[in-house]
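Input: one structure, supplied below.
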């Protein structure tokens, strides 16, 4: 009963829900919050149809802990929330990172901080997605810019989380969650589904001994592995071990398993970048007015292009380093007071001018605003 | 016949013996409770491979790490929601939550009452040592009025929770309370509870000589066990308004609630799958 | 149809504005071989208050799925009319519930305006709530952007099964009303020039 | 079992006898087994074990004080150090 | 009954507690956690002596919300926690930022992520301190490196929070919290204590209309101001107002009130920087082995110096920009996998080489490790 | 005499009238409850300048914003801990927490039970509209079994909390329940509760026609008020095991608990100051 | 007050009479005042108010249906739109 | 005293190792006009297990307040001795409870070693727990880093009031024991050269 291939007219929220089911998600635990409640509502209706379970927990902490538990129980699992709930989930995101639990967390960004404007768009949680929990850890964060991408990237989110045993954040925004667009659902054989690797043999199995890809196989429960999972610093057996050297090797591996696979993880879309000397950098729904602005600028003979970040974390440092020599000015358009722009600056150094075009929240940049700055900077 | 010195213990098969000795202080009650748990497991005839144990953070939270089973040491206060997800994923397994009072009813109190309300199918062993052991003996929601702790140097001005009453009010189907001295009854109670379903709570009053006892005139484990011996009264089906723990009153122990037929969350959730799909699960 | 048409349907909460928007978007995207996007107005602040659906329909992939200027304004309340008419493109079209909205001078910017007593028709059918579908039928007829069959299929999908019949009836009445009006207009046309 | 305390010094009719086993170096000397053995057959050692604690040893032989394999020490011991089993002939 | 002037032998935890009392703190709400429980324990004993109240809440969320409430009730208030608790506090930190509530949050960093190594040092919460809550907001974060600084900077933390009506994070680490050193307690007239400004008059008072310093006066309760405080986007009256323009001006001001006062807020200690061409950048307890390493390097004729960050947020961009021309190499030594180093890189661009010397947690850098890298990089 | 058309209402002095009309749907019960609250305030003779009102997030959470007093609209679930700090800072003021069921006993359930246990001196008005209004009608911990909501499209498989029972088990000193129809008794109860001290809870069952009623065959506010009229029974001091709300059973309302002499947290905390310093506060 | 419903149509002896006031444009037409007025003196208007709702108006004059200033409408109205006060001569 | 002296006191949990470390640090910082730092070993993992206090005493401000090599090792248990002796500086000093610790070859690195039956002395005084203070008295005498008065003042501050008397007694006994030992050594000194 998961979706038949074909064309659908979905909102971003709906697309994520349906893609999750196709990716194999069979458990959703969540707590209502604008602007993503419809995602949970669809899951509540759809999960029983595919043999899965929906549970509304008492809060967001309970929600994410329940999906972490379910993931260890063998189910692909997700939750969805927005700023206030995402903030509450931070402790548990660190726990999932530390225990290498595959989960998908959809965070639909609204205008913050605090309660802010619940029904209006924001992009203020980009840094939080990477840094919101304590201690050094890595996650993956993907940012779709159309309903089709909501769909595709949800499947990718599950795949990456299973492959790297890491929490994957689907960093949506309010505009997308409530935007309806056409979605093409691929056929079963076009669909790529990745599942976590299982231990090859039980004897001498060390639950936290990684393979060459730095990812350890994940043992199933109830089959006699007798493994222990802990958020304390642990050795390869999974036993707590309070020793700076154990910490050094565990934490380095947890981070490196993502950092060393940047090339596999990072996806970037570019538009008219071949001959561009000025570029807009955007992500999420801001990509849409940006495309329009690039088109308008080209009509005015401005050689502008667009860099649309589909993967935000790990940050595509190398991409920016490489491209920076060809570009005079990067304009980072984001609905916050400067987050991705810091990363771009760090990656590029002094090799090009980097400008921030911020919005505090509540509205997208208009194509005209973007065109204005392109025109101003192009000359 | 003199004492037989040996290398292995009868319960060793359940334990990660390479991790012994455990970190618990000499005279701590957690080891006895763990011991009773294993006896209960045996009595109930539960296959350890069909059992998942989840702990939170705290001295008691370390229980999971010593069991030679699939076990989970989660975050502080969140053992129950983790266990909820785990149980839903594997409704065929027994899921036990084994953790401290601070973990389960102070920071984790909300998950506790909601899981009881929903009747999530979990057996919860709550070790109530009347304070926060792991962090050095601060007051908890279970510390009796007037008791001295590191954060109540002038005596506790708060009242403590009456945990059985709270659990019952929230909807728990099995509620019992024992102490770390009443290990045999505890083991029987655990065995019985394994054969119930839904949200089951067994509170075990335990001694923490190191941080609680020391400040309350019972510096050794033995002092506290004697206190339990002399200050408990078994009263099955007691009126739960009378079961709060006070320093100068008898502690009521016993089995208070035992409801057998309330459907669990998991039964209903998978029942919904069948209803909606019109087929049995797995088909 | 031009390559890109931008439509707003507006009114107040409870008039089925969101549903109507969804149905147009769905009809374009699924029934017809077009591209479309739809954004409902959203949130508690809108309860009972002003409400709007924004639809973009295009032949090619839609880069920017939000409204810039309005090609077609469908309005079912006076305050909504007053708010949105300012964004109407010169030469755009206005459709309105003629019992609920009184056009003013600003409507002159439109190339055409079409009124229908949608709510009254719905009340006659026995349920005010189908006024939105009457309006959709009317829209289908007078704009021709979506085919009759295409929109009808979308209505079938977009309304709860138990209300399907009355909605399809409402749709047809709205459609016929539009057809009739067009005919009348054609004959009047010369006079208007 | 708790009120059995008072019986410690009484001579009682024992039905079965037990053997007491000890994993010596696990003991942390809490004294629970000693204090609550219904037969009072245990006492602390003079020696220290490797952890530095006085572990339990058996006091004396029958008829006054014998282990009846009641199992209480087995389950109260927080260290999984002591256990008792019925003597072979009685095992079944 | 707050402390007499003189010399004391305090741990970091004790120094913070006593300084807070001197700064006027009369309410502490907290939840025990290693390695900062002793701070709460001292407050529990000391607050009643000075007429204040200590409450141990049911969790960290309750703790921080209680101090926010108490601050609105007119008391200076603080809480203290470590990684896991700090993660739980993130939603409320955003609320305090949005409602411009003066509070002090002491976060004693231990080795993370997750439960990690509770009794061992870490510095992995630096980015979290700035970005842990959702949406665009600013806070202030101070980082002491000695017990004396724990004392002094706690007073400063209260002063800055009152002055700017902003949450101030005292970013300690485990090494400091458990280190005992000599502390000099100044006399009453050496002590500078800043209190929040009050409205000048009731008539026409707009609770969120800022003065020229971008900070609005804070009305007391119970005096007929009839003000409303909300985490929703609000206008100058404090009324919720869902309008991107209101958002734009409110959020811009909340951020700018910190950004525009960087010069007032930032404090940096330098050591032997006058003629240095290579610099260690450190903060917290890592400053201590760094000083030693600089001394050792000087004995080897390496012109090394130390930049010790006392203020981490807002980040001292300008300081680094200015100094970068004189320095060949910056070595950022931190107990995490690269946080402050990102900021230094961003601030410096390509003007100097920036290296990270990371530790995953559990131990400080040794003077020898630091000396090694200085020797390697100096040639 | 015909209807007198006027510009101001007798309660306007308590309201930020420049914010009216409020955002609540036509037929919503929150407005009636707020109205009764103001009547209770008047009856109790409370000076609004000595009153602080704290709300969480939700439709009910908007109450604070309409009051012409010093008011606080906090975060979801955290009104109680905020109010705890506020009250400790200003023990001379009345602090009222006015919020929704989801806010106070679902996400905020832990603060609720702990504040009751500690006897924090707060008057809590809990508007129980049986679901999450603000976010569009999801299930809550107060949604009756089998009810339809947006996240229980097949009917709610969970049981709801029996809030008075839970509050009592946790330690509340005043517990009453009314409905949004019983506005007059509610007002009296509020007035009475103002003159008690400690943790006082008044649960008010209310209608949410827009999101709850609509899906449960009561599409209008009036339908739901009639349900309250026909399906409530007043039973003071009722056995709290019998007060759970079920769709097909009478809802028990009344005053259930009224304990007058339990010392509050604040009394004890400032008592400690006096004890430790040997002087009266303020000296 | 709720069971007073049945008395609506009865003629009763009224002790005092009230004046009913309405802030017309605040009314959202919920009908509570109309439904639950013990005297049944209210009915919906034909007109709409500015918000588009039918607000309450008084049905008729004494002796059958008169406002007794019971105050129920005053407190049940969720919009702070309606209130009643005793007529001057009876106010004290 | 040299400019910087690094001291470790070690043993197992329950021996008052942390308190002893605090008292030395306090004595140096407050009683004397010196600088000092003190770091207790910390945390639940240490319960009952190994335990150590680290103290640095210096004449000038202490840049690096942690131990690098040990000048003075005070040890009250064998495992602790074995662990820390490896870090002892050549020419350092060892103080040890001679009933609990047996020095081995590695002690040769020390310039001097001083044994005292601190625990036995404490037991004789009626409470094992004051062994740490016996050791402090001994330390005061044999090292001379802190004056007798200075350390005594620190002991008064550092122990709970109700145990003050027994602790001061313990301190004096330890001190005298040291004085006696030093005298004996002095007479022996020539032999040792």
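A, B, C, D, E, F, G and H label the chains in the order they appear, each numbered from 1.
What we mean here is this: a contact is a pair of C-beta atoms (placed from the backbone, for glycine too) under 8 Å apart; a residue touches a chain by one contact, two chains touch by 3 or more.
Quick caveat, the model's predicted, so the values are computed rather than measured.
Asker: Please find the path from subunit F to subunit G through touching chains that uses the fewest steps, and give that number.
Answerer: 1
Asker: Among the chain pairs here, which one is joined by the most contacts?
Answerer: Counting C-beta pairs in contact for each chain pair, the top pair is A-E.
Asker: Centroid from C-alpha atoms only, then distance subunit A to subunit B, rounded to Å. What do you get?
Answerer: 38
Asker: Centroid of subunit C to centroid of subunit F, CA atoms only: how many Å?
Answerer: 43
Asker: Spell out, as numbers or ranges, the residues of subunit C touching 2 or more other chains.
Answerer: 43-45, 48
Asker: So which bits of subunit B are touching at least two other chains?
Answerer: 25-26, 57, 73, 75, 106-107, 109-110, 114, 134, 141, 154, 265, 269, 272, 275-276
Asker: Hey, what residues on subunit G touch two or more of the other chains?
Answerer: 28
Asker: Show me the residue ranges of subunit D that touch subunit B in the complex, using the header's touch definition.
Answerer: Interface residues on subunit D, with respect to subunit B: 1-2, 5, 19-24, 26, 28-32, 35-36, 51, 53, 56-58, 72, 74-81, 83, 85.
Asker: Using the touch definition from the top, list the residues of subunit A that touch subunit E in their complex.
Answerer: Where subunit A meets subunit E, its residues are 61, 82-84, 86-88, 90-91, 94-95, 97-99, 109, 111-120, 122, 124-125, 127-128, 130-137, 230-233, 242-244, 247-248, 250-252, 254-255, 336-339, 342, 345-346, 349-351, 358-363.
Asker: In their complex, what parts of subunit E are in touch with subunit F?
Answerer: 1, 27, 29, 48-49, 51-55, 57-59, 61-63, 65-75, 77, 91-92, 95, 219, 221-232, 239-240
Asker: Please name which positions on subunit B make contact with subunit F in the complex.
Answerer: Within the complex, subunit B contacts subunit F at residues 106-110, 113-114, 117-119, 141, 154, 157-162, 165-166, 168-171, 240, 265, 268-269, 271-272, 275-276.
Asker: Over in the complex, which subunit F residues touch subunit G? Could you list them?
Answerer: Residues in contact with subunit G: 1-12, 15, 20-22, 24, 26-32, 34-36, 39, 181-184, 187, 220-222, 225-226, 229.
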